[in-house]
Amino acid sequence: MVNPIYIIAVLLGTAFLLGLFRKKGFEFGMALGMLAIAFAAVISVHWFIHLYSGTEGGLNIYTAGSKPPFSINLFMGVEESFFMSAINILGLLGFIYLFRAFREQGLKSSVLFLVLIMGMNVLIMSRDIFNLFVFLEIVSIALAGLIYLKRGKESAAAGFKYLIAIGVISAMLLIGISFFYLFAGTLNIDDYLQSNTLPVKGISVAIFLMLIAILLELKPFPANGWALDVYEAAHPGISAMISSGTATASIFLLYKLLPLSSLDWLPYLTVIGAVTFVGSNLLGIVQKNSNRLLGYSSIGQIGLMIAIIGLAPRLGDHFNFIFVSIFISHFLAKAGLFWISGIIMRSNIREWSVLRRNRLSLFMFGLFILMLIGFPPFPSFYGKWQLVMDLAQHKSFVWIAVILAGSFIEGIYLFRWFGYAMKEQDDEEKKIIFQWEKLIPPIVFSVLALGASYYTNNLSLLGPTLNLIPIYFILALFVLDFLPAFVKNSLVIAGMIIYSVLLYPSIADDTLRLIFGGIFMVGGVLTLFAGYSEKGKREGFFPFAVMMYAGLIGLIQAENLFQFFFSWEIMTLGSYILIIRGKKSMKHALNYMLFSLGGAYLIFIGFALSHIGQVTFDLQTLSSTILPGWTYTLIAIGFLTKTAAIGLHIWLPGAHAEAESDVSPMVSGILLKAGVFGLVLLFLLMGAEQAEQKNLLYILGWLGAITALGGNLMAVFQEDAKRLLAYSSVGNLGYILFALAFVTHVGWMTALTYSVNHFLFKTLLFLAIGGVVMRVKTHNMYEMGGLIKQMPLSFIAVLIGIITLAGIPPLAGYGGKWLFYNAVLSKGWYFQGMFIFFAGTIAFLYCFKLIYSVFLGQPKDKFRQVKEAPVWYLIPQIILIIGIMVFSARPDLLLKPVGTMLSQSNYFPTDPLNWENVTASTDLGYWSGYKIMLVIGVMFIILLSWLLLMSRKAQKIKQFNIVYAGERPFKPETTHFSHNMFSHFYKALGFLSIPVVSAFWNGLNSVTHSMAENTRKIYSGNGQTYIVHIMLYIIIIYMLMF
Amino acid sequence: MNIFPRIVFVLLGLFIVLNWGLIMAGIIRKIIARLGMRRGIKVFQPYINLIKNYSIRSQLSHGVMFYLGPVFRLSGGVGIFLFMPLIYGSDYWSNFSFTGDLILITYFMFFGMLGMALGAGEGGHPYSAIGISRGLAQFTAIEVPMTLAILSIAIQYQTLSISEIVAAQQGGIQNWTMVTNPLATIAAMLSFLGAMGHSPFNVVMAPQENPVGPPTEYHGTFLGVLQTNRAILHVIEAVLYMNLFFGGASNWGVLIIKTFLIYFWSVFVGMVFPRFRVDQSIPWFLKIPLVIGIAAIVVFII
Amino acid sequence: MSEKKQTEQDKFLAPENKKHTVIGPDGEEIQVDPLNDYFCTDLPKVEAPYKGVLEKFLNWARAESLWVLSYGTGCGSIELPPLFSPRFDAYRFGVAMRPTPRQSGVLIISGYLAVKTLKRVIRSYEQMQNPKYVIALGSCTINGGMYWDSYNTINRLDHYLPVDVYIAGCMPRPEAILAGFNKLKERIKSGNAEGANEYIEKLEWYKANQKKIIKDWNMPTYNW
Amino acid sequence: MKIFELENISMAAGFLLLMVGIWGIISQRNIIKMIISFSIVDTSIHLLLVSIGYIRNRTAPIIGEGVTKTDAATQITDPVPQALVLTAIVIGVGITALLLTYSLKLYRHNRSLEINHFNSLKW
Amino acid sequence: MNELIDHIKARFPIYDVIESQPGQIFVSLEASKLIPMITSLKTNHGFTVLVIFTAVDWIEDDKFQITYVLNNPKEKQDLGIRVFIHRDDATMESIHHLWKHAATFQRELKEMFGIDFPGSPGVDDPFLLEGWDNIPPMRRDFDTKKYSEETYFPRPGRETNDPATFMKQMLYPDD
């Protein structure tokens, strides 16, 4: 093994050597510098591998050949080698990244860079306090020099502020060190730790000063204005070094020095970290400048790490895993983001839409963003999972709440930013060059990120339990993205079919999973069929479609809470990207993501609560939770965000309406069932008694009823066809929630029947309307009209869809209604039931509006030549129609197994439905789908032939051959009665549709924003204010601690 | 019972109901005329109108759905008939009521409405669409008290089967729902006013401002089919209310008297009150009948 | 139609009824000729009556169920509402008012007809279904009455529509109109009231007469 | 223990200077004055360091005339703080130099040395 | 009333002042002075209502007479103003900017007399006559009887008989 001291030697030597070069030897000098850093990197990585795999405790290096106190000693342990590897690799890539900048500024700036790397290496290794101070100063000076790498007034001002702030901080550090020496008599950490000197107050103050200085180096909120200015003004390559490099070194420093103090610093660290995490992220949401935003985020992440250090005792053995996973995510993502920022050179986050010009960088951008927020499969996801679970074990609920709140706030601005990159208008005028040497570092970090994800999965404390096949499939699709769309589509369909076939045996016995698995997979394949009508490559669609379905099927397969949550997040992510692909869906996708994220975190907390006192994460743990009320409520609210219960529904209409034509059925017909599945699972596992005791089911019932009424009422007043369907989904999910809340046998049967029905008809309707929209290129129903002549098949599909939706016999929807009455009567929830029935009749209004405005009435001139919807839209529609017909004629095919399944579960031992051939009966009534179908069919045919006989030679006439009081119609546009069709209804009941909920969320939004806006005014931009912050911060912390 | 005799009885019943519907309409018109000091139409005038409409020689068609609209409408009317038990205690006259219960009938009423709405919609006439939108909007409110009344009697009798509800009311007028559950009866009869579409709830048709509403474009045979349906539907809806609230009928004579009285109730009210606009009738239904309906349920919960 | 005539007709066409081009959703140009695209341009066919008793029975039904289009053209329109008052009670003859021409069988021309009104009358008449009957009230429809030399009022209705019954008077009283209804019934029952078919048979002559005075003929030949 | 011993006085002076320096950094609007204040802070810390290492009646930790290697431990003051001071001075000089460089740059950019004029980066 | 006439006379060259009945005066005026005068009447003298506005065809004088009748609702006074224009150049200034409904009168006059009112909204649209292609029907050189006979298929009426001669012939065929 090479002695790590050589790292310092080589770096320092090279730095001196480079100082000798003149302009001519620039390339050579750069190569030399690169070699030196590469050398350092190789050695540190080598050491890490050696120490990690071996059993050695590490190596003490004594400089000057003698032991302390006569010399300074360095220590190379596993931790040190790990962080050094990180820093050196970062340094190497950062050095490459800055190639061009160095060329402009001359080789002397690269000298500073080398010194910086060297300084950080020593900071990690050194065990001597004063030595730490010295190298801290060296790092600071080098950085201060590098800040001015990007010339300009801003950089100069930022650099000055940085230096002044660092000066004050290091003064504190030095005072601390000197008094430490006064009382401890040594400057060596190990010596002090071994000496066991009795703590006196003086030494506590000294150590306080040292630690607070190092903490201030970590830029705690709010004493961090200087750092933000630096992030904003410095060259992004340097910002990356600060954010990922010096922060790493500093946090390790803190970690290293912490044992010195006899005071219990940890709670304070937790508070400081948490305040930083939440506060910094909060201010981030009003930030428009990308680098400053990254600065806020960076500070927030460091705050999280500080908090984790503070929480270490509660995490026990898991501390290392959690800390490293969070750290590595921040380290890779933040550096990568800063580097990307430097590539595109756009300071306003809205202008990041230029990323779309380079798919690779957009991909990397998304990867890093998701990694920061903690989405699976990235390490931070595992870290946060473990963190929250362990915190829950210690009942540290406040900290769970704070950490997740911070993460959520971070999600707000990061996803908004991501939305801008995906959807904001791109100003084509402004040219941009993607420089290759700047692309290398983020690429390497992306690869490292994926590798880290893989290893985290394997190293995860749960063991490699995840089913990675879908993930590999997704990755393969990313790689194969250059293929034409139909090839990829076929691949995906084939993959899903094969996977379903393979999956079938494992869920064949479980009717519940079979039903939902069927919805997810069959629905998935059917909706994907529609994708064949897309021309071109359809870049970036298929990986995320598969991601969504992988998540959904993962929910089915999940055996433990972790897998469930993992799949849940994967599904959310995939669907988010699918939604944001729509033309005007930036805002709606953000809404969707935020609600999903919030919901996911609630589920997360719920899982954590249920895990208290448990060893495994098995799904069954839900049944023996010690806090059933809370667990139930949190998880239920989480699922309710996905099912868009009223109050949490505002994301749905926009997201579903603005998505692409074939995505809308995916997210509406299929995705919403994930929430239903979750709720069913929750009830099954937790047991309804727990919830019933606290009237929670009662609340859920009312919620469902109001959701149904509100959703349907809103749907009536829509002019946008897809938005109408989306609101209708809100209403229909309200029925399902209501029925679920019964927790009776027939109630659940209703809910499951309704889920299947809703999948069938809503997918059908969205596909049909999607096909129409594709042809006519507008969503507004009043602009269409009379399309039945051009699109008869779509018309039939919509007709069957709305008959099913409205629950008119003989089609399948009636089964749901019938079960509903039985359920309501047997449960006794009459008034809620009344809401539901009122909602049901209101459904007619929008059903009629939908089919009339689009297909009937007056044809418009511009749609005279439109064709029938693409055949790929029609095929799945026909299959769905067949499905509806089968379930209409033979409802027992679905209901019998469901009844059996529910009877087998512990809650509903008796099946109230009796089957006599195909006739179902309960105590209250009876229903025979098959016979009804038969009677109505025969009758209809007879009557039709009667009319055919009577008026066999009817003259075909055209659209304006209508009676018009002796006049003629003016124009089709003015003759088609569609816009504001239900104005009278609005006069009567429109007051119920006032958007109270949107007003609430908007109010919350603006309160948050104005809070952030006002709070960030403390960063006045004046260096002296920052110093005041620092001083006040020290004083306040001191007051708190002593 | 074997299926073929049943079909024969069903057709026979349908024939009786159709005729009774036509005659009833004539009688009612006659009564109205006499109230207005007129001689009025002949009692058989509805028959003549029907024959005349079927005898119209030329027909126009706006399209397939226009053509199918009346078929849907008539299927709706005949369908309700098919699922309705007519005479208590008689297997012959219980039609196909074994296939479904009260809920089936309530929801099957929409079948005809929907078909009519679509057919009229394809006519392309804005007045049709206006009429439909008014009708549907008003119907949402009409259904609520009706639903409450149905729930109330379902709680009362613990069944949704119409035959069983009728059976429970046998043995004298004191056992009729009208007596045992007056609140539900009142709510339902108020909603019946709306369902029948007479004044004050006839803004759907509103001949003066909105020429006959949905069927503006229908004529000749199509109109004949619609008229046939109207005759059947009026009787059969009255039969439904009779079965639910007025003790059912044990023979045809009782059925005829009861349905006449029930139907006359809506006409009688229509004679007295002027027309509501939709935005007036919806709040009305959601105030008075709704409160009565809720009271009908509260009584049973307590 | 000759080119000159075409331009002549175009002069009177409302802007929205002229041929124009619209842009479809995919950017394609679509030629719209409203007169052909919005209106059915077919000509009607004679609907032959049945033979024998059946037709007699149907004619009886038609005669006993006269549905009148509520459409008034001149001063006579004020004479129609009293028909349905208790004093005259036209309902007892099976007469009823219908608001839509599709459902009505009788068109009452209740007074003088300006050229402008005639156009609307023709439309309404053609929108009615076969068989259909026309009753003309007052001397104005017979020979122009007091408008005999007016530049804008027709003199003889039977040149434009096949009239079944004329009721003379200026204006005829409701009693006279009731008598007219009974005359019409007789005529229908006797099987002579085939005005609708006559109109179709002599369509060219009627159309020529109509087009002679309706110079802005901006609608299809037959208004279905 | 006497209060007015040399080390106590110098330590008090050190703290006093520290306060003065920090006050200067916070209150002075002129960049050069801020840098001077910073230097005062620097110096005050050096003073503190030296006063910590001072042991009464001992000489400077330089082995040479009058102080031999063997009895150095009893004759000289604590050498470590002195070494620290030396290093700190060097670092202080470095930082001061860098600060002055920055002030020069700032002045070139804005023709001003008012710290208030350099707050374009904020919030 | 007379004060008013005096007042107007002082400012506008009116002539032929006729008091047709108490509170109603007709005056004549040159066409070019019309607009200033009725503007003044409307704004200063309370004649806020345009009662009617019509034309007479003086074919003998080769003139159209246009009569504007204004009303002062407060004083209950009517004032008719007559202006004369040549038939050959039948153009008059529009007053639709003073009273909106004047546009309808003007449209009617355009159709019936062929008097043009440039700038009046919709003045060329058909008012009563759709597709009229003859000279304006209210002009006296338009022979309405001839037109009617040519166009409207006059019914060949019965032979008309003077009752006196007819009865004489019937009763005393020999005389």
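Letters A, B, C, D and E mark the chains as written, and numbering starts fresh at 1 in each.
Basically, a residue touches a chain if its C-beta (ideal position, glycine included) is under 8 Å from a C-beta of that chain, and two chains touch if they have at least 3 such contacts.
It should be emphasised that the depicted structure is a prediction, and the values quoted were computed from it without experimental measurement.
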| item | value |
| --- | --- |
| Neighbouring chains shared between chain A and chain D, ordered by label | none |
| Contact distance in steps, from chain B to chain D | 2 |
| For chain E, the least number of touch steps when starting out from chain A | 2 |
| Euclidean distance of C-alpha centroids - chain D vs chain E, Å | 110 |
| Intercentroid distance (Cα basis), chain C paired with chain A, Å | 70 |
| Distance from the mean Cα position of chain C to that of chain B, given in whole angstrom | 36 |
| Interchain centroid distance [CA atoms averaged], chain B/chain E, Å | 61 |
| Touching two or more other chains - residues of chain C | 44, 100, 102, 119, 224 |
| Multi-chain contact residues (two or more partners), chain B | 58-60, 211, 216-217, 220 |
| Junction residues of chain A - those touching two or more other chains | 955-957, 959-961, 963 |
| Those chain pairs that satisfy the touch definition | A-B, A-C, A-D, B-C, C-E |
| Sites on chain C touched by chain A in the complex | 16, 22-26, 28, 30, 32, 34, 37-40, 42, 44, 71, 100-102, 119-121, 123-124, 127, 219, 223-224 |
| Residue numbers on chain D that touch chain A, as the complex places them | 18, 22, 25-27, 29, 31, 34, 38, 41-42, 45, 48-49, 52, 80-81, 84, 87-88, 91, 94-95, 98-99, 102-103, 105-106, 109-110, 115-116, 118-123 |
| Footprint of chain B on chain A - complex, ascending | 786, 788-789, 792, 795, 799, 802-803, 806-809, 814, 817-818, 821-822, 824-825, 828, 830-831, 833-834, 837-838, 841-842, 844-845, 847-849, 851-852, 856-858, 919, 923-928, 931-932, 935-936, 939-940, 943-944, 946-947, 950-951, 953-957, 959-963, 975-978, 981-982, 984-985, 987-989 |
| Chain C-touching residues of chain A, taken from the complex the two chains share | 775-778, 861-866, 955-961, 963, 965-972 |
| In the complex, chain C residues that touch chain E | 12, 114-116, 119, 142-144, 148-156, 159, 209, 212-217 |
